[in-house]
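Across the two complexes that follow, chain A remains constant while its partner is chain B and subsequently chain C.
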Partner chain A sequence: MMTVNPCSGDLPGVFGETMPFLCQGALVTLQSAAGGAALAIVIALIVGLMASSPLRTVRGVARVYMEFFRGTSVLVQLFWLFYAMPILTGYQLDKVFAGVLALGLNLGAYGSEVVRGALQAVPPSQREAAIALNFTPLQRMRYVILPQAFAEMVPPMNNLLIELLKATSLLSVITVADLAYEGRLLVNSGSDQLVVFALMLVIYFLFSYTITLVMRFVEKRAARMVGRGKPRRATAAAEAAR
Partner chain B sequence: MIWDWNWALEILPQLLTQGLLVTVQATLGGAVLAFALGLVVALLRRSRRAYISRPVGAVMEFIRSTPLLVQLFVLYYVLPDFGFKMTALTTGIIGLGVHYAAYTSEVYRAGIDGVPKGQWEAAIALNMPRPYTWISIVLPQAVRRALPALGNYVVAIFKESPQLSVITVVDVVGLARGVGSESFRYLEPMTIAGLFFLLIAIPASMLIRRMERRLDT
Partner chain C sequence: MIQFDKVVKRFGDVTVLRELDFHVKPAERVTLIGPSGSGKTTILRLLMTLERVTSGTIEVDGQCLSHMKRGDRTVPADEKHLRQVRKKIGMVFQQFNLFPNMNVLRNITEAPVRALGVPREQAEEKARELLEMVELSDKALAHPSQLSGGQQQRVAIARALAMEPEVLLLDEVTSALDPELVSGVQSLLRDIARSSNLTLLCVTHEMNFARDISHRVLMFDQGQIVEDGPPEQIFNEPEQQRTRDFLQAVLDA
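Moving on, here comes the complex of A and B:
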């Protein structure tokens, strides 16, 4: 069987002309998405836990963070971090770093809300049972509440990760050489714009679809681990029936 | 260099009048288009004819999975080649409307699914024609259920509207960028633009939360 490297410059016509550049951009897109996702997940867990804290001040801090970053748009946050903050602090961030930071902070705020909601959705009896079994608060969180909440947060996290992937295209505005930037550069230098835009959209779609596939797998695992998933055969039957 | 109040006050009126007007136009235009188109899409996706419902569903999935920014590029650079000449703002409104139609159609779908089966059965029992059932029985209930979620999408469209500045629309953010690059001072205009979004988005989402609670009861 012959395998074709989709990124090689030997492809016929416009494809060979554009794909090497688009692949370079796609790699940057993936890297910034991965960086942003890692930051967002860490922030979401920490702030989500803070928002469920019994202490009022801790809850308040989390609330302010969430409202602030959900209340402004990513693009404004990005511009602010990249253009405005250096004037205030005298410290210029690297553009990729500023981008990843803006994405992480913004999507982290949305993620915190997901984590908070999922923690709240765990039935109170679970908590009470853990207290009755003399679990420490840490054990309660680690072994009883978080695993159940985790299964609950996977589907909305899937949506957020796709939003994050889409938002990486904004980094092109501060000249990070991601997929959107490379594509626009190709169009400006005279490549067939219809083909370039179509390829860009297809690449973004494939990335989104991959995220969905991975998250579906994680969702099934997480549900089965807390005993909520359907047994394997029933799941297959349900899939077939759809 | 620190915050310069005099200059901030000098650019504030321009940002608030000119920029605000464009941002509000883009938001409202995009929202109205997204609401109308979303409803049409939701109805098409419920069609019994697979050759209608499947492709519409696939296209919407595609639109939802790809960045608005790239879709705006396509509208802005490709459409003129086919003879559609529009202003940047109109292009932006269409982009926002189509992109968010993919989201609002899901909201309508959930609303329609939420209408109790008994309503349908009662309409059949009363021998109502199907279009009449849709218009006067199902949709009023479905849209009422969908209202808070639709409100959230208005706020979302509002927050995404700065992306139009990339296709040369001079909204609040575009204006702030322009003012910033002219004077090499981005701090004041960008901060004002950010505050402006906060001041509108937070009360709006509080209002929607209240509406949600009222419609629940």
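Moving on, here comes the complex of A and C:
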């Protein structure tokens, strides 16, 4: 079977003319989405845990962060990080880095709410059982509450990751050469608009669908870990081996 | 072993316990009976440090649950102090509260390994002995959701015993079970009670079980002890009208 490189410039007609550029852009989109997602997840976990803290000041800090970054647009945050920061601090961020930072901070704020909600969804009786077994507060979180909350987090996180992927197109505004940027460039330089825009749709969709597939897999695994869904023989054996 | 001294517990405007005094000797088995809302479960939850007293003191084995000495001042207990006292106490819950993210064996070994620092192999060996005792050896690798209520409760009992407590609190442990599963759990607890010198504090609505297992029965009403005596006396010739009414109502049900 002959394999066709979809990014090759040897493709016929308008494809050969556009796909190499779109692929380059897609790679940048993917990189900023991956960077943003990694940052968002780390922030979501930390701030989500803070928002569930028994200490009021810690909760307060988390709350302020969440409200601030959810309540202002990614685009404006991007402008601040990329254009306003150098004026204020004299330090110019790399544009991809600024983009990843803005995406991570913004989606991280949404993610914190997901983490907080999932932690709260674990029945209080589980915490009480853990207290009765004399776990430390940290162990309660680590071995009892978090693993159970994790299964709750996955579906809404899937949504957020797709949001994040799509929000990467905003990075084109600060001239990050992502998929959206390359697309506009091709159109401006005379490529067939309809074809380019259609290809962009397809590429974004393929990426987001891949995220969904991965997250569904994770969701199933997580559900099985907390005994929802069907336990498989293989996992029981794997558990025993650990 | 357990000493309540003028313990008051209020939830908002509701007073659940009113200046409660009682004590339980080491290896004594005491059952708390009384109508719902009379504060029985609150007593167990206070002992397990799941709730804090509003005023008064509770001592377990001479150690105060709610406060500790720092220098010569008495300050509210911190987590470290609480963990120290909790070491002596185990609890079995009405709803079992097994951890759904662990299999049966892990449910039993996790706390000894994490909280007490027992080597995992040793904890597993002990867990298997306990599973044998509760007749669930073949379920070690099963998931809690694959077990019946009675089996889950037996695992929960094994889990509590794995921590080698001196005091075991039983909070309506058969109330959530299907009727045909109740007797299995009860006879298990009877065996455990007779073959160990655990101090047992038990809240139940099963009067036969209370009669069987306890040295002493405390009748509760409205956050106070109405009557205190050996089971034969409480069940056969209660002195208080309130106790008579309660037993009548329970036996009629």
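In the analysis below, the second predicted complex is superposed on the first by the 230 of 242 C-alpha atoms of A that agree within 3 Å, B and C clash if a C-alpha of one lies under 4 Å from a C-alpha of the other, contacts with A are read in each partner's own complex, and residues count from 1 in each chain.
Basically, contacts are C-beta pairs under 8 Å (C-beta built on N, C-alpha and C of every residue); 3 or more make two chains touch, one makes a residue touch a chain.
These figures come from a predicted structure and were not determined experimentally.
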item	value
Which of chain B and chain C A:S208 touches, first, second, both or neither	first
First (chain B), second (chain C), both or neither touched by A:G60	neither
Per-residue touch tally on chain A - higher for chain B or for chain C	B
Partner chain(s) touched by A:V226 [first = chain B, second = chain C, both, neither]	second
Touched partner set for A:P147, first chain B, second chain C, both or neither	second
Touched partner set for A:A167, first chain B, second chain C, both or neither	first
Partner chain in contact with A:V76 - chain B first, chain C second, else both or neither	first
Touched partner set for A:A129, first chain B, second chain C, both or neither	second
Touching residues on chain A, where the partner in the complex is chain C	125-126, 128-137, 139, 143-144, 147-148, 225-228, 231, 236, 239-240
Chain B partner contacts - residues on chain A that touch it in the complex	67-68, 70-77, 79-80, 83-84, 87-88, 162, 165-170, 172-173, 180, 183-184, 187, 193-194, 197, 200-201, 204-205, 208-209
Residue ranges of chain B in contact with chain A within the complex	1-3, 62, 64-71, 73-74, 77-78, 81, 159-163, 165-166, 173, 176-177, 180, 185-187, 190-191, 193-194, 197-198, 201-202, 205
Contact set on chain C toward chain A in their complex	48-50, 79, 83, 86-87, 89-91, 93, 95, 97-101, 103, 106, 110-111, 114-116, 141-146, 159-160, 163
